[in-house]
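Pasting the structures here.
Shared between the two complexes below is chain A, which pairs with chain B and chain C, respectively.
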Partner chain A sequence: MNYFNKTVLLGCLLLVFGSLYAQEFKDGEALATAVYNRPDGDNSISIGTMVLVEKGHKPRIRQMYTFNLDLGNGNKYMMIRFKKPADISNTGLLTLDYEGDKETDQWVYLPAINKSRRISTKRRGGRFVGSDILYEDLRDRPVDMDKHRILRKEKLNNMETIVLESIPVDPENSVYDKKILWIHPETLLALRVDSYQNGSKEPVKRVLARQIEKKQGYWTVMKSIVRDLKTHHETHLQINKIKYDQNVPEDMFSLKYLEDPQREKVIIKQLSGK
Partner chain B sequence: MLRLFIKSIWLLVLIPIGVIAENNKPVPYSVFSNKAKALNFAEQEKNSGNRTNITTQIQTHQRYVVYLKGYAQWSAAFKQAQALEQMGYKNIQVVKGSPEKRYSIIIAQLLSKKKAGEIFNKLRGSGLKNIRVKADTIKLTRYIVTVHQLPVPTQSDSITKIPQPLPKTAAKSSNTRQLPAEQVPQTVIKSKSEDDILIISEEEISNNDMIIVMSDATDVTFDIEIGDSLENSNVDWAIDKMILEEELFSRSSSDATNAEYAHVSSHVNWRISDNWDVQLAARVDAYKQHGKWGTDINDLNLDYEDNYLRYRDENVRLTLGTQTIRWGRVDIIAPTDNMVTMDLSRGVLPNWDDLYRASLAMRAELFSGKNKLDFVYLPKFREAELPDDKENVWYPINFRKGEILGGKITPISKTILQNARVDDKVDGEGGMGLRFSSNINAIDYALTVQRVRLSAPSYKINEKFRQDLFINPQAAIANQYSYGYTYSEEHPRNWIVGGDMAFQWKDYTLRFEGAWFSDMPATTKNLEYKKYDGFRWASGVEFYPGDADTRVILQLSGTHIDEKEKIVDRDNSLTLAGESESLFYNNRWRFNTKFSLGLDMKDIYVSPEIAFLGWEPFEIYTAVHYFDGSDRSMGGFYRENSMITFGWRGRY
Partner chain C sequence: MSYTKGRSCVKEIKLLSFRFALFLLLVVIITPVFFLAHLQPNNRAEVFFPEDAPVRVLEKELRQQFPEDDVLIVLFSSKQAYSDDYLEVFESIVSELERNPLIERVISMTTMDHILGSDDGFKVESVLKKDEVQHLSEQQRLERVIQDRFAPGRVVSIDGAYQALIIRPVSLKSSLDNAAIETFTRKVITEHGLMSDVVAIAGNIEIEVAMFETMLDDNMRFIPATIILGIILLWWLFRKILPIVLVLLFSLVAVNSALFFVVILGQPFSMPVSMITPLLTSLCIAFFIHFFNAFLQATTLGYQGITRIKRVLAEVERPVRFTVLTTMAGLISLGLSPLPPIQTFGYAAAFGLLVLYFLVIWVLPPLLNRWDKGDWQTKSSGMVSLNRIIINSARLSIRYAGFVVTGVVILLLLGGTQLLKVKAETDLLLYFPQQHPLIVSDHLISQKIAGTTPLEIIFDGVGRDSLKEPDVLKEIKSIQQWVQALPEVDTTISMVNVVEEMHWAFHSENPKYRDVPDSRSIISQYLFIYDGKDLFDLVDSEFQRTRLQMSLNVHGAREIRAVMEKIEEHLKSQPVQLKWQFAGGARMFSDQEKLLIDGQLKSGAGAFILIFLCLAFFWRSFKPAFIAMLPNISPIIFIFVTMGLLGITLDIGTAIVLSVAIGIAVDDTIHLYDAYLRRVKIGVQPVIALMRAYRTAGRAVFATSIILCGQFFFLAFSSFIPTHQFGLMTGIGLLAALVFDILLLPAILALGIKQAKKA
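Let's turn to the complex of A and B:
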């Protein structure tokens, strides 16, 4: 998964962060690789809240379960099940990333028609359920898709960070021109990410980690904010509960589960320790 | 890099014979994971005249356990373990593990995720399906034996616990504390091992979770509770849809001036156990049409939706009750989607996905990996839902004008239809269908065989009346009522064989579907009701122009009736239909357009809609529905129903 996404954006959806010992990095690629390879558990279950905040308007709330399974070698499965608001309740998104060049599979389940539909995994620029998260931010982005360099060391929120610049090797495969990341070396989390688009000199989007917790040995972004710096629209992300390394079967990441939300309730019980 | 660290650790853990610097001289040391071996090594060095010092260190590591899960019987697990040993795997263990309380076979415990993945792939390649890789955290005790080539001291060797990590290169991936700088040794590796399999005892991980809160984190929207209903409840209920709509007919020639429509549908689902659940669901529709000719219509309908008892286990799902079963792959009108009842009570005004009703069915879904076999039996046929009142503008026969949807208009047919009585009583069983679906190489596909009645109505003229029409038309028409019903509603039973597929090509999702029908209804030139072979097909594409927040669906579809004589119905039709949806102003507004255009005949339906979404979960909207076309087309038949609507809809 994209080290940037994995660090902050998807924190709400379930992203997990393992702790590694603070270390020196010889260059930007080494740092990006360390972030990308951060231990993040074999699987995880979480419930998260996404709040869309806009000045002068009532906040809009989305709540969802997220299930992750990492089989190694780039085989990563994820399923998101929306529970709120009512108009998207039980809508599901299943994403299967495979090793090598094999194309990602993705389906969306629409309860209104009780069917799942294969959808394009090439979509990058659209907003995910109206949030400030773009579809590209949900995708796995291997380290070698960007050029990385360390700019400086800087204190952020009284914490030492390494400032990393990442620029797409092929500008066609990203909606962003570049990203600047403030990496906290001890947790290998990005505490802040500024994204640039369309040749802008100023960042158009900023991601800020707000609360980080070590859960079952894995550093996890529990609260974060994604801020559109042009419109000042914000998406607040929060993990309400998360459990790593549970009994999440591989079978769960299938159309059988995607099309039957009742099936996952047995798995969800583990969040409550039942 | 992480892998390099782990590898370095291994080089130190298993066979490492190293040299550390002390007083600028290299000093040898060895690291053991086994206490007895460390003591034995120290004893040997002591006997060689060297002084040794042994320290211990506890390190935390990520471990990857490759195992086979899910053996109910120990004998089956043991047999599989023996087979694995014959394949060359060593140190295999059969364990009984909770929470599954089944037997598992532990094949390897590794510190390398990559190697775990390699073993996983190798096992999968040998045909095993129940392979799992579990990551956990372990604590390892290292015994570091430092050898000082000095005169042998008098004191005996001892094991001293020190809070020191391994040399720096090894400590990078551990959680141990850093050595003081002067104690950090240089490391020279003299030998290396390719073997990184660990068989060790596991220690419990202490729960030392920690929190970092950013200093300026004062955002008020955080700490939103998830609520018990989301997490713990076995009862789900919802108001699935509420609609209030005012409809203003825009053409002066329309049969109605305006209409009001209200709808509410709701369900409650009770999860009895992990295997069983039961659901009750219903809908209420209210419609008031203000006719121009003093023919106001008031309809109030209570109808069932999906009410069922359902059982599921790992590979089966059985459902008994009323169900809305949607088959097929394409988005708008799917040729293989025939197990469901169409809802034509409001024409095509609802969303494409809302044109269906539930019907009584027994359904068995069998799962095996990516494959699904779906069997449906419809013990009681439910025909398409039409308006109760035949004066309703959406009824497929316009008795005032003497027109029928899809039929050719002649002076005689007009007269007959204006005085027609329709027998719409339908009974009997619906039929059954089988659908196999799967996916391979990123292509979803399905094949289906159905023996089912079509829910959309066709109309058969009274045979005696038809014969008399050709003998003495004036007399037959004059005595039309004496024949009883002029028309009867028909739903011919068809054999249907079809298939569908979907895949991604570049930025597009492509969908294809086709089906052969054994008995498609048609009316011949001499008004005889007949059935012919036919074929329906559809191809669709979905994409996002500009890779932004607009979604477009286009669908080209066609119908061919293999008629043997001239018919009044359309024997071939070609239609381009679709929908586009754009979200803007931070997704607070939505602009949506759906359309259907005949390519072989003028047949137009276009419906743009703008909706305000800011008050979730409710919407306020206004839409235009524009119909136009030739006499035999849908657009032509509903031409006078062009309208502007204003409404409110929501879910709760």
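Let's turn to the complex of A and C:
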């Protein structure tokens, strides 16, 4: 079954079951807050693939583990560990988002020189490992950093969505001028996100959720595509396995762990259920 | 309308009806108009190469992998350049420019990658983005920019006193896009109040815009002026309004038809194509002079009304048909040139000429029959005063035939040594006079930033990620170091520099790590996490093809080729494991030079052969064809001798001169020689036939040559060198052809007559 059929099937299921949970949002901020506070577990471990797709070239496939920890109040930690291909194996990225105005901390670890280095979080527009995801996309973005407005209701792949516009309050703190999000009200997931940059009238990037599943009671985007609408370069993201609420320790999100991939093996075992 | 041979058949000539002629005229006026809107002005470098030329194929491939090479460079100089306010305005200009869909990226000190490290950190920042350097004083900012590995010699001068904005377009389709980018850039800079700090604007986009503007300027000023000049001369000769109105109308139709043909061929309106207008206008005036000269003669002989027109047609149709075919042969021979704009010029001008022939011979007579009411001045017109010059020179030439022929041969032999001095040139900058703002700007940028001639070596590895191998990068580094030491090379950059910078930054800016790492994994991981933009200007996403970019401080195809030969020699002497080839504007200039010379040889030889065969066909004999070619070879040699003497190069403008000049020059010979042969054929004594031929056809030949020369010489006032040289050399060629036609041709024929008598 191709992506489209799956999406249509998923859409039908959501229409039947999802409507039980349907709710009305009084304004854009309420909707954005609901999306931000969407239940997604205190922590999670996942294994997935990132595939870079460029016309005329063989795709580049990367395998990675992602560890997330949500401590509440905007304190969100994330570590990404690449496993394949071999020449980048164990390269890691650690992102620590804090509550309030405190700047995000970000480190990258290169196993070939066994060094981790802090990377500047001011540079939001840099492409993350050559993909179509920008560093800014990996960071937490609290609701109050943008002004939100509901534009309309719209059907997307036969699913009712609420179209939300989010514009940064301070244009300096985002590389995007605005985002238009197609929010599925029942799951509170964005099924499509169009991003605008440099005053462009047309979106420069589009994120499409291609497969959504409920895992341990949490709606999860299992497959998505990030498409650069200028270059037509695409990044396909797929979660092969995910486990929520696995007692991921807080100290895992530290330089000590980042620089020693052996330490996370115990946690990874939880993913395979061993 | 049908024609039969000879004057006795005047009565058998039938004219088209006035209404039908008018209908045909309207059809040829209106039809092209619908197509002209599709004419795309384009002087972009790739237009000048055939689709399958290796350099064009490579460029097409490179554009799939790398950004555009053609850029617009704006150079600023301001003492406040490193202040907060200035940087803010600079950034604002950059971001407004980048919002334009025609612009892909703007490279400047505020956007160029600056890689730096610290004890625990690693950053890829912009060299001088305001919010990243707010903690630095103006002096510290200046130091940061001039100490950056990549900025000096690219976006700032070595001392930081000059700042450049490099505007890189998306893939552009025509010169109009270039002009739009240039206009928009000026507008944005002016609106931000920094225009007074702009000291130079250059780069390939500016060159193309300047070419486009000059082309338009020539079409708007010089070309109408040449038409006016032709009209003044026409008035001097005939003193009648009708010929002038008809010349204007027919010229317009012929030019529009030729441009319509350009659209049909799917080609753009390029610089050589713009020469169609003066050429067809001049030829139109030449046709009319022959036509009206015969009209005048028929009037003198007492013919009136339709009989007069039929008499005129009987007199001129055959030589006009011959001349059209030979001129078309000359123009079509340009199809042998490998350069598409030159081919297009040849084919389209030939088509325009065909339309002109059709108009003059088929449409004009019924119109004249209806509209021509007034008298034709037979005594006071300028035509009469030309007779004496023609007759005297022909008489002189016949009397001293041996001396004339020997003199011409000696003169040509003496000048022959200059032929070898003629060189080809393809550098677009050399198409402008030294005082042109573009040249002044280019010199300033070359002086303050770096040379503006881009040359690249493209390296291809074997398979995906092959460029992550340390040995491969070390090989590129060694070549880069050697190339950088050449005096003609100002700056170089390659992916090796980026890898070295990352290695250095990841090791807390320890200078010993500013080198290529020894491990493939290290290189892979650096490249994996690299999040800047500059790297992918230098290597493709497959890490299989990379380019070593150089800025050369030399211009001109020969100097560029000399640098390329040096590099080639070095690379051949090294055990280089990578496949390599040259690319960039410099290679284009170099390849175009070869194509120009190749095209000149092929089209020149083609023109001679085609015209010779046409003449042999007309006169059903090779001998008269050979005799008629003699006075036309001489002016061509004369053109090249003049080019050698004056140091005029073979360029895109002069490359069409030979075929155009011989195509037109041979027309006069046909008129004169055909008039002579016709008289001999009906039994007139050869010497008398010769004198009569010069008396009847000679003055029209003289008048057309003078008008054509005047018009082409007028083009020489253009400030655009190819137009200037095209006008000058064609004028010289036609003038020489006239001199040879009225001196050498009668001398050759007189010698032939003497020989026949002796035999």
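By our rule, the second predicted complex is superposed on the first by the 253 of 274 C-alpha atoms of A that agree within 3 Å, B and C clash if a C-alpha of one lies under 4 Å from a C-alpha of the other, contacts with A are read in each partner's own complex, and residues count from 1 in each chain.
In this section, contacts are C-beta pairs under 8 Å (C-beta built on N, C-alpha and C of every residue); 3 or more make two chains touch, one makes a residue touch a chain.
Everything numeric here is computed off the predicted structure, so don't read it as measured data.
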Fit-or-clash call for chain B and chain C when the two complexes are aligned on chain A: clash
Contacts of A:54 with chain B and chain C, given as first, second, both or neither: both
Dominant toucher of chain A (residue count), chain B or chain C: B
Touched partner set for A:227, first chain B, second chain C, both or neither: neither
Partner chain(s) touched by A:42 [first = chain B, second = chain C, both, neither]: first
Which of chain B and chain C A:84 touches, first, second, both or neither: first
Partner chain in contact with A:126 - chain B first, chain C second, else both or neither: both
First, second, both or neither for A:115, with chain B first and chain C second: both
Chain B versus chain C as contact partner of A:243, first or second or both or neither: neither
First (chain B), second (chain C), both or neither touched by A:200: second
Set of chain A residues, in rising order, touched by both chain B and chain C: 54, 57-58, 87, 110, 112-113, 115, 117-120, 122-123, 126-127, 130
Partner chain B, residues of chain A touching it in the complex: 18-21, 23, 30, 33-34, 37-39, 41-42, 47, 49, 51-54, 57-61, 63, 70-73, 75, 83-87, 89, 102-103, 105, 110, 112-115, 117-127, 130, 157-159, 175, 187, 191, 208-217, 223, 225, 231, 233, 236, 238, 240-241, 245, 247, 250-251, 254-256, 260, 262-263, 265-266, 268, 271-272
Chain A partner contacts - residues on chain C that touch it in the complex: 64, 95, 98-99, 117, 120-125, 131-132, 464-465, 468, 506-507, 519-522, 524-526, 528-532, 541-542
Chain B residues within the chain A interface of the complex: 1-3, 60, 62, 64, 99-100, 113-114, 116-118, 120-121, 132-137, 171-176, 205, 208-217, 219, 221-226, 230-232, 238-239, 269, 271, 274, 277, 310, 312, 314, 317, 324-326, 331, 353-354, 367, 370, 372, 439, 442, 444, 502-504, 506-509, 542-544, 546-549, 583, 586-588, 614-617, 650-652
In the complex, chain A residues that touch chain C: 54, 56-58, 82, 87-88, 91, 108, 110-113, 115, 117-120, 122-123, 126-130, 135, 172, 198-200
